[in-house]
Structure formats: structure tokens, C-alpha cells
Amino acid sequence: MKLNVGMVGYKFMGKAHSQAYKDAPMFFPDAPKPVMKAICGRDPEGLAQAAAQFGWESMETDWRALVARDDIDLIDINAPSNAHKDIALAAAKAGKHIFCEKPLALTLADSREMLEAAESVGVKHMVGFNYRFAPAVQLAKKLVEEGRLGRIYHYRAWFLQDWIVDPDFPLVWRLDKNIAGSGSLGDLGAHLIDLAHFLIGDMKEVIGMSETFIKERPMPSSMTGLSGKGSVDAPKGPVTVDDAALFLTRFANGAVGSFEATRYALGHRCTNAFEINGSKGSVKFDFERMNELQVYFGDDSEEVQGFRRVLATDPAHAYMNAWWPAGHTIGYGQTFTHEVVELLHAIAADRQPVPNFRDGVACQAVLEAVERSIVERRWVGIEEM
Amino acid sequence: MKLNVGMVGYKFMGKAHSQAYKDAPMFFPDAPKPVMKAICGRDPEGLAQAAAQFGWESMETDWRALVARDDIDLIDINAPSNAHKDIALAAAKAGKHIFCEKPLALTLADSREMLEAAESVGVKHMVGFNYRFAPAVQLAKKLVEEGRLGRIYHYRAWFLQDWIVDPDFPLVWRLDKNIAGSGSLGDLGAHLIDLAHFLIGDMKEVIGMSETFIKERPMPSSMTGLSGKGSVDAPKGPVTVDDAALFLTRFANGAVGSFEATRYALGHRCTNAFEINGSKGSVKFDFERMNELQVYFGDDSEEVQGFRRVLATDPAHAYMNAWWPAGHTIGYGQTFTHEVVELLHAIAADRQPVPNFRDGVACQAVLEAVERSIVERRWVGIEEM
Amino acid sequence: MKLNVGMVGYKFMGKAHSQAYKDAPMFFPDAPKPVMKAICGRDPEGLAQAAAQFGWESMETDWRALVARDDIDLIDINAPSNAHKDIALAAAKAGKHIFCEKPLALTLADSREMLEAAESVGVKHMVGFNYRFAPAVQLAKKLVEEGRLGRIYHYRAWFLQDWIVDPDFPLVWRLDKNIAGSGSLGDLGAHLIDLAHFLIGDMKEVIGMSETFIKERPMPSSMTGLSGKGSVDAPKGPVTVDDAALFLTRFANGAVGSFEATRYALGHRCTNAFEINGSKGSVKFDFERMNELQVYFGDDSEEVQGFRRVLATDPAHAYMNAWWPAGHTIGYGQTFTHEVVELLHAIAADRQPVPNFRDGVACQAVLEAVERSIVERRWVGIEEM
Amino acid sequence: MKLNVGMVGYKFMGKAHSQAYKDAPMFFPDAPKPVMKAICGRDPEGLAQAAAQFGWESMETDWRALVARDDIDLIDINAPSNAHKDIALAAAKAGKHIFCEKPLALTLADSREMLEAAESVGVKHMVGFNYRFAPAVQLAKKLVEEGRLGRIYHYRAWFLQDWIVDPDFPLVWRLDKNIAGSGSLGDLGAHLIDLAHFLIGDMKEVIGMSETFIKERPMPSSMTGLSGKGSVDAPKGPVTVDDAALFLTRFANGAVGSFEATRYALGHRCTNAFEINGSKGSVKFDFERMNELQVYFGDDSEEVQGFRRVLATDPAHAYMNAWWPAGHTIGYGQTFTHEVVELLHAIAADRQPVPNFRDGVACQAVLEAVERSIVERRWVGIEEM
């Protein structure tokens, strides 16, 4: 079985998805084979380069044309967030399966509209929460589901980065609320929330706080990308998103939770971490050591209790049998391979992949509840949303 | 110079303080020499054993008698918390210096009364926040003070224990609000708050949440101490304190903060930890590895940036020149030696030791603000207190 | 520029090389593009499956036919070790560039013959010491070369695995001297030696010891592969290679060294580790955390000296600019991408890639010196070889 | 029961022993109580200060006088190594129990003479290998003895320090063979050997190598102690001991072993570390984190295998019930308390303490075998000694 893919977007995520489509058939030959049919973007020159470099068969500069093509089975959306909704609605209307990067949309209402559109026509839909697909995270999920951690008491999550600590770092689009919608909360917090949903379940209520530490930054030169540096002498503009956001949670199952997202934690390039404490055991994860899960069991014999550093690269660990012998690690890029494999298998089996738009909506609901709690300085119930 | 000590209490803290008095003259000969003059407790038999075992010269079974003795310069209070206030007020009235374990008192009002009493007569007063005296914590303080971390953006603190995860663990006095006053918040959270005050400064407002996961436990048999286990078949009684408490903070200097205290984090015996993120650097500390501080500097050259694991046992580190050659670690007990040395030096220099009752009061104010925020489900300003 | 590749072998290494050829053009578009022209193996069925799965354009069941093809520029040899020599000699004779997996050959004499053959016709030759291509290892090399570690005093290397600790694990071909040539020494020790050559330079003399702990094992059933388990009740046969090998070294530059290779270190799946101590600094590496290098500088200021955990994923680190933003790790598979990129760039620039057959020969010389030192129970000079 | 102690020496080890005598009765009240009766040294002024500071009742400036005193039960020898033998022989002759610091003597012959002298008169004798008394090391021993690691295959030990990396560090007595006898081998290697004997058992044969990296150093000024720095401009003298020493071992039980001792490993203040690999499990220890033992069991279930970081501070761990609640660590100083408690209990029970002079002799035999193997460049059997 083959599946023809049309992809909108060709930057960071476009590259990650392309590698996944390329490598999946090699390491997961039992899944349907994705065919890299067409790539779509607005800038013909950049697009052509990406198509050649990533190995796509054809190009489209208008996503409407892509969606209209008969030879496309799946639309992969990793264009800027504010374009997600329109593309997804059109794809659903055209009866295409949809793989959409997070955040699903800029608002909860939009994301719900996308979910309904996809569900109403019966296509498969997936949202790009790739961190779920680290084998160590899958192991955490399995331990929770098998009851090996017991009743969950406490969930602790933090996503720490440090790429804008320099006050002269320019005012890139991610720092502009009109374009990015949100700052650390929507960017990093969204991942934290999705992992919590995946591992622990729904939240009941939240209360948060946020801060913008550097309120003005030099305007970027036209050439400045995400990681670019503009001129220090450039005129300054206001930062309109949060630099850091924190919130407390009460989960539906009674557990308490704390969440922290920041772009101002020097020394942390990509610390996407969580800890779960249950009545029978605990686990800890840090994405900077993504092949490892720290696991503690309360019923280990008395003298030799301690967190075990499990290197999740054994054949027993999710997806790892497909790669290398035990002890040979994988990286960030491979989480996308696993994600794509889940999507392909789901389509083949005529079931919804996980995580799908329902998960995207659930995440958006918590994000908006947190934002409301910050503005109104009070606890906000998720059911309010 | 010598200083005659009279100590009330002879359990866990009594033992820790006794070792400190014993060892201080050997490792810190420049400080005044504490003389272990008299130990005081209500149970004559237990007291006699403690006096012999710890090496105290005499005994008193009534603290009033101890306070009245002419040959006592310093009253060391490590009796149960609800006794702190009366003893301290009497000691102040008698013109004795006071060294009081944390928490200073059960209420903010009481602790303020104690502070005023001590200040009005001009005696020296100290409160027992011993974690400040780990050399690695002193190094963190020094880096903050010297500006090497820059402007502080984020403070993260967590104190995790696991000693009551077993639901059959009996209802010891620490789980009874009438006696203990508070649960994880007052016990563990107090240490977190004091370290934050020490390292970062005052807080402006807080909002918290707490939970009691196991609401009933077997009544302890008469023999059950802190770590004892009663009969599983014993009748049950209600747990009246919090098992876990979390809160968010905004500091006076603009930094954001998160705090978590729990006795339900399996795998953590005594994880008293913090991380500080500033504009120039970050530090991390975990008491289970109390000789180490993780230090990151943003201006390290590009290729070799990373958290340094500093083993704070070099002669350059606070107090360490007194102990062993570099690389030879100290333990929990030695934090009390340092604490006592600070007290002795302060008395000799006719200055207040640090931390003193002011710090105890400041900690109590935050604790009560957090409690109010939990009850009233709203942000509470510290100045309200 | 394109380069047509013909690959002999399609198992573990064949898969790793195939992924490298696939991904290289996507992440390193400046290098010549490898074309996956033909794959070669003896079993037509297995070969056909591999060709389809990995994406090779055509197949050959006889390597002589492959070598004879006009449309092949580069012969990639990852067939069993005992086939390396004949294929390489034929490839050289045919004027093809050669990329040969380690070990270059079963004997030092053979490897020298291969080097001479390749050199005499002027083709490019590379040997597959892929661990050099972890960015953290490249960083270690750079620090040594820039003199930032000063004069090197001590090199410590250990490669620990645990895949044959179970005495019922069958007698696979890697445990048969006739086929594998050597055990832990040739398999794991070879990587240790190459990294030492890369990082520190030549050795002067060695003395070693080895041991075979389990001397008999069940004969494997015909279906048993590397990781398979045969029947416990199967008749037993003798293990004819070493389970563990250790040796001491004196380097040409005066440094002392210790090396340990074992397949009997429970808990270690793939601990390929080294530490270098110099007069100005030290570094530590462990492949199980391949994205990290621990770096210590003696001239860091006194209070904040400590090993820095450098996450070698910044744009400043070798090869990493091609992948993801800082903090997003890579895995084992990506070391082959880098290796292939070095090969492609070298061919384009008409220079020998590094490591090449000279490095393979140098490694083989040390291996044989160690073996001789074990047999003759004496120090053996490398120049004896 | 009380025991009167007379101690010869009052520097580093004298201080460590004094703290142990002071603290033992407080934390281990069931052991006989040591009475700090007399301290002995040659310099009256330094001695008087030490006596006052450490809390000894009386002084002697001649160890012969001390040994002759009727009120002394135990002679504690921590004077310079070259004085050990005479004092011990005299003490034995006088019927005193003996506690002697390592190394027992400067030569194997001397140490044997000391053992025979003590045995012939039936006094108790102990040698100061304090590292055995870290609770984490005791746990390792227990796991080995209970067979939980299975058959031992591999022992790996390294003691790394960095205090003389600076070439201008003066030529202190520890670098003079006439006084110190040996360098890194006798100082650090002796500890490694003793731990190996304790944990694994006897060795069969060894082969070693050593190096002196900095062959000349400035003569120290008269004031320079162990850690002092003399003048860079001082005339230079030859370093006559080894800076680093390495050796390989075959144990009597068939295990292989590697040992490394160096004072030139920047970043390591006191890394006294070992790893044991057995057929059922492995353990790892590093003295810089002396409260922890890493423990791996091969029979842990497949998905959750990994080294456990056991914090050896639970009541179940050796000696820890006497100190603080779980999670509250101890330091270097407390290993001496445990050592002294073993000695006191042994005397009370009329049995030899462990480790005793037999262990001191066994260690010396290996040290001399290593030295011979270095000189003669060959494997040396321990039974040769």
C-alpha cells in the first residue's frame, strides 16, 4: 500500500517531516509507503530548492491547487500557524487525510471547527505532538497504563530554553503576538500540556502567571530568520508575547500538577522534562537525554531502591526493534519517523491516529484557560472553555 | 571566649545541635567555645540517657529552671514547635541569647512577638534554617551577590520526600494539625521559602494549592515515633494537614517563582532542590548531592558552554578550609556545625547572626499568605500579612 | 556532482550506510549527491527485500560483477570481515573509490596489502570508524588540537557491552575465531584504539590480557542471527574468542593509557567511553550519551571549577548546523551520515578522506601487538609489527 | 565499658581520628566509649594546640613514654609512615591494642613483622582503610557476599586526583621517595587494592606501569605543608616518586581487573571509584558521591533494566540508622567514626577488627608485586612475594 503526500511548508518542520517520509519505509517496511508527491510554498525559489534537497516529486505554490490534486491522499500542514485552519478545512472538504503541526490553530474555536470538519467527512487527522514518540516517553505511558506507578499523585513539567536571553536578540515573528499568537506558553507549554494529557489525563482547573522580561527588542533586518541576529542599533519594537509562563493544575483524577515554560533559562537548550509520582513508583524524563527514562519502584527491596536509568533502546522498547542493537541511541529526528509511522498504520487500519485533532483541541482548551486565569487572576475550570 | 549553652529538646534536632557544639571547637578554633552546660526535657529517663550520650554536663526537667540559671548564656530551643514561643519570650526576658529551630512559631503573630521580645532586650537571636550553611548553597548566594548570574528571572524550588506514601503508615503527630500546625507546607515549604529569601529576596504575592491524598490513617500505637509503624488493624483517624503544597510567586525584584513541597514523591528521600536562572547564568542545587552546585555561565565560549558540576569542597568554598582536603565531602550534620559557628562568631562580634528571627518572621508571613491563598483561591500579597 | 555507489552487504551496517546515503543530500546539500545505484549480496531473496526496503536501484549477487560495472564510482564494503580484502583489491584494480567497514581485514598483512593497492592506483579509501563522527568526539579532538587540554598525560578508554552474559546465549559466528578473527578486542577494542589514535596519536608499546569466561555455549539453530537465542538443550561447542580484553599503553607523546573491552559488563549496552587528562584540562565521553562531552578547564576561576556538561548540539559544533536547532539531539545513525559526508567531500576535493586505510592499518597493528603481548606475556613495541 | 586511647600524630589523620573518638559515643552508644587520654607528637607547641583543639586530656612528646603508660589501652598510630613500625612493635610488646594508619609500613617485610608482633601477643590490630566504611561500599560488599552479583567477571578501579598538576607546585615530602616510599601507587593505589581485596578477594598476578610527568619541582620553603605553595623561583629538586601508576590484575577467582592511580587528572579532586561486573549484576561507586551506589540487576524485567542510583542513607544501610533520617547524607569524616566503632566493638567482643594487619600485609604484597612488575617489565605472581 502506498500513500501520496502533499506537504505545505518547507522550513524546520518541513525538513523534519521529509526525513520521516524518507526513512519510514526503510525502518518500518510493514507500514504503508509514503510517496513524497508534492511540496507547496509561496516562494518559488525557496520551494524549488527544498523540493530538490528533500526529494519531493513536484511543487505547488498555491495550497488550494495542492488540495485540489487527485493524486494526493494526505495533506501535511506545517505552514505558519495562522494558515492551519483554512488549509485543513479545505483538505477535509476535498476528502484528504490531514497531518497538521501543532498548534492546531490560533484559537480554541478554530481548532474545534477543524476537528468537526475532519470528523464530519470521516478523514483521518493527526496533530504533530512529536515528543510522545520518544520511546522513553512511550515507556512512561506504558508504566502508567499498566498501573505500575499506582495512583498518580503529582505531575511536574518544565520546558526550559534560553535562545532569547540576549536582550539584543531581534524581535523575530515568534515574539509578535499578531503572528505567533502566544509566546512560551503556546510554543513550549503546548507540548507540556499534551504530554500531561497523554500520560495522566484531563485537567480540571488551572491558574497561571506569565512575564515578559525584555519588553523591547531591536527590529530584525529583512534577512533575519528565527535564529538570526539583527543590528543592535536598529530601532526597537515591543515584545508582545510572554517570555515565561507558569501554571498550577488539578487533574480530573485528583493529582496536582505544576507547569513551567520559559525561554530565559540559561543553560537549557531544550529541556522538555516531566516527573510523575504515583503510589507505587515514579518516572522522570528530560528530552536533552531523550533515550533515557528514570524509573523508581516503591516495591524494590529495601536496600536497593533507587531511580533506574533505563536506556530505552532495547528491542522491548517501543519502535526500537526497527532501528539498531540495544544501546545505540536515536535522536530528535526519529520521533517524527515514529509519528509518521503511527499515521500510516492508522490510515491502513482505518482508525484515527493518536494524537489527533481531539488532542489538539484539548490542548488548546487548557492554553486558553491558562491565559484567562492570567488575565482574570483566578482559577479557571477547563469546562468553562 | 566561652559560651555556656542550655538546650531544650533532645530528639533529632537535639542530636544535630549537640554534634555541632562538640565538633565546632575542633574545626573552628577561632570561634568562641560552646560549653554544653545543661540539657532540658520533660522525661527524666530519656533526658538522662541523652545527656550522657551527647555529653551535656547537667540536666533540667523544667525549661523555666534552665532559663533562670545564671551560668547559661544561650538558650537553644529545639523542643516541639508549639513550645518555642514561651521559651523564647522567657529567655529574652532573662537576657539570654536565643537559638531557635524552625519554624519560629505556629503563627505569624507569635513569631513577630518573639522577634520584638528579643530585639527589645538586645540579645542575639538565630533561627535554624540550616540548609543555608551547605557550602554549595553559600556559593550560589555568592554568585548572585557578585552579579555573576545577572538579573534574576526565574526561581524554581522543590522539596520532595516519600516517607508517608504507604497508606498504612500511622497517623503520627506530624499529620495532626493541632500539633504540627501544617503539613508539607510548613515542614518542607518553610525551608524552600527561606532559601528563596536568602538567595533572591522578598516575594510580592503568592497563589497556592494543596492536597491531602490519604485522608485517614491507622492511629499509632503508643510506641510509634516519627518513623514507627503502627498496626494496620488499628482504628483510623483523619489526616488534618496537607500532603503536598504548591505555589507560584512573584518576587519583589520581578522574578517569577514556583515552589513545590510534597511527602508523596517516591524515590526522593530528601530532595531539597532549587534552580536560579539569571541573565548571565544559572545554578542548580539538590540536597541529596549537597556538596555539589551546578553552575552555568552565559559568557563561556560558544563551543564549551554547559553546566559545571562544582564540587564545593575546595578551600575557596565557604567553611571548607576547616575540614578536609579538596574532594573530601561533608554531610548533613556539618551544616549545623557551620550554623553554630555563625552564631558563635556573631555573639563574639556583637552583631546579629544570620538567619535570625527577622528571617523566621519573613518565612512565616509567606507561609500564611500561601495558606490564605489556598483557602480564598486567589493571589495574596505578602504586604497583606 | 553525483557519485554512483555500489554496496556489498545489506545487514546491520548495510542499513546504516543506506540511511546515510539517503539523508546526506537532504542535510548536507553542498556535498556531492550519492546515488544508490546497486546493492550486492549472495542471497537473492534477502537481497531483493533489502534493495526495495532501503531504496537501491539495482542488484548484483556477485561482487565481481558489481566491481566490473562502469556505472559505479564507489564500492562500499560492509560484507563479513573475511571478504573485505578480496573485494577491496578488486575495487582498487577497477579504479573505484573504496569505503570499507572496520576491521579493514583479518590481519595486519592483509590490511597493508589493501592500503598499498588503493594507494598505488590513486583511488580514495575510507575505513568505517564512525564513532569519530559524533560531534562531541569532534569537539574533544578540536580541544586537543587547539592545545586547550595542554600536554596530554593520561588516556583512559573502555567499551563495555553485556549481550552475551547469559551462558545459554548461543555460539553465534562472532564467538568463532575462524569467522570473526577476534572477540571483544577486535570488535570493541578496535574502536577504542582508533579513537585514541584520532585524539592522542600513536602508541609506543602495549601489554594486555584477555579472558574467555564462558568456554562452551549451545550451538545455534540455523535461524539464529546475532541477537537470536538458540535452544538451551542444543549440543555445546567451544567459544574460541576472548570475552574481555584489557591492555596498558605508552603513547609516543609520553602519555599513559589504559584500555578495556568486554561483552560481560551487565548494565552497559554500548558504553564506548574515554577520558583524557591533560595539563590544562580534561574531557570525558560516553557513547550512551553521545551528544554530550564533559569538559574541565584548569584555568576556570577557583570557586567555579567543574566538569561542564557540554551538549554538543549548538551550531558551533561540528555538523550540527545541518540538523536542528540547539538542544535537539541526534543519534547513532547520524554518525554514518557525517562519515559519508566526509567521504563525499574528500572525493570532490580530490583528497583522502579521514579515517582512511592508513588508520585501518594503524589500528590493526596495535591489535596484533596486543594479541602478541597476551600470548608472550610481555610488553610489545608497536614498531615490532 | 571504656577504652583509653593514646594517639601518635595530630595532623590530617589525627584530626579525623579525633573527631571519630568524639562522635562515636554519641551516635553509637552501644560501643565501648573511647576516652581521649593522651596525644603524642614531637613539636610541643603544635602538640599543645592540637590537644586543646581536639580535646585530648594529656600530652606526650615521646611515643615511648606514651606506650609505657599504664592508663593507655589502645595506641593509635597516624604519625608519618616511616615511624609506624617501631611504634607498633613497641605497642605490641607493651600489650596495647593497635590502630595503625595505612600504609602499615614502608615494606612488605616490615608489615609482616608488625603483624607477627601483634599476633604473637594477642592484641587487637586494625589498619586504617577507611573507605571500606562508606555505607555504599558496605552495600556493595553485601551484594557480592549474598551472591546478588553472581560470579564476578571484571573489577575496574581508579583513584584520580589533581593536586600536583601545576608544575610549580613545590617538592613536598610526598614527592620524595626517601620519605614517602611511593607516589600515587602507595598513596592512592593502596586504597584501590584494599577495596578490591575487601570486595573481590585475592589477586593472583599483576603487571604495571608508572610515570613521573614532572621530573623537577621547586624546593619548598620551610613553611610549606602538603597544600602549600613554595616560591616559583626556588631552586629545583628531583621528583623521585611516581605521578601515575596503572596495573592489570588476574584475581584468584578468575576475574580480570584494571587499576589506575594518578595525581594528574584535572577535574578530579578525590575520585576513588570502582565498578564490579558479575554474571547477575553490576555496581559502581565514586567517592565524590560517597552516599550513592549504582546497582544493576540482570534479572530486572526487560523494559525497566537500568543502573539504580541507590542513596545509601536508609536505615537498612550499614551504620545509617545511627545518624539521620533517610536522605540526609554523611561525609568523609563519618567513615572514620564507623571505622573506630568497628574497632571498639571488636575489642569488646574479643575478636580481631576488620580490616586488620593481615589486610595491611596483603595490600603491601600487591604494592610490591606491582613495583617489581614495573621494574622487571613482566607479570609478577603475588605468591612470589
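The letters A, B, C and D name the chains in turn, as written, and every chain counts its residues from 1.
What we mean here is this: a contact is a pair of C-beta atoms (placed from the backbone, for glycine too) under 8 Å apart; a residue touches a chain by one contact, two chains touch by 3 or more.
Computed from a predicted model, the values in this text were never measured in an experiment.
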A-D or C-D, whichever has more C-beta pairs in contact: C-D
Chain whose mean Cα position lies farthest from subunit D: A
Approximate Å spacing (C-alpha centroids) for the pair subunit C, subunit D: 41
Centre distance in Å when subunit B and subunit D are each reduced to the mean of their C-alpha atoms: 35
Subunit A-subunit D separation of Cα centroids, rounded to whole Å: 54
Contacts with two or more other chains, residues of subunit D listed in rising order: 268, 305-307, 311, 314
Chain contact graph, described as a line, ring, star, complete graph or other shape: complete
Residue numbers on subunit D that touch subunit B, as the complex places them: 12, 15-16, 18-19, 22-23, 25-27, 29, 53-55, 161, 163, 226-227, 268-271, 287-291, 311, 313-315, 323-334
Residues of subunit D touching subunit A in the complex: 139, 142-143, 295, 297, 300, 302-311, 314, 316-317
Residues of subunit C that touch subunit D when the two form their complex: 151, 153-154, 156, 158, 160, 162, 165, 167, 207-209, 211, 213, 243-244, 246-248, 250, 254, 256, 258, 260, 262, 264-268, 275, 277-282, 296, 298, 305-307, 377-379
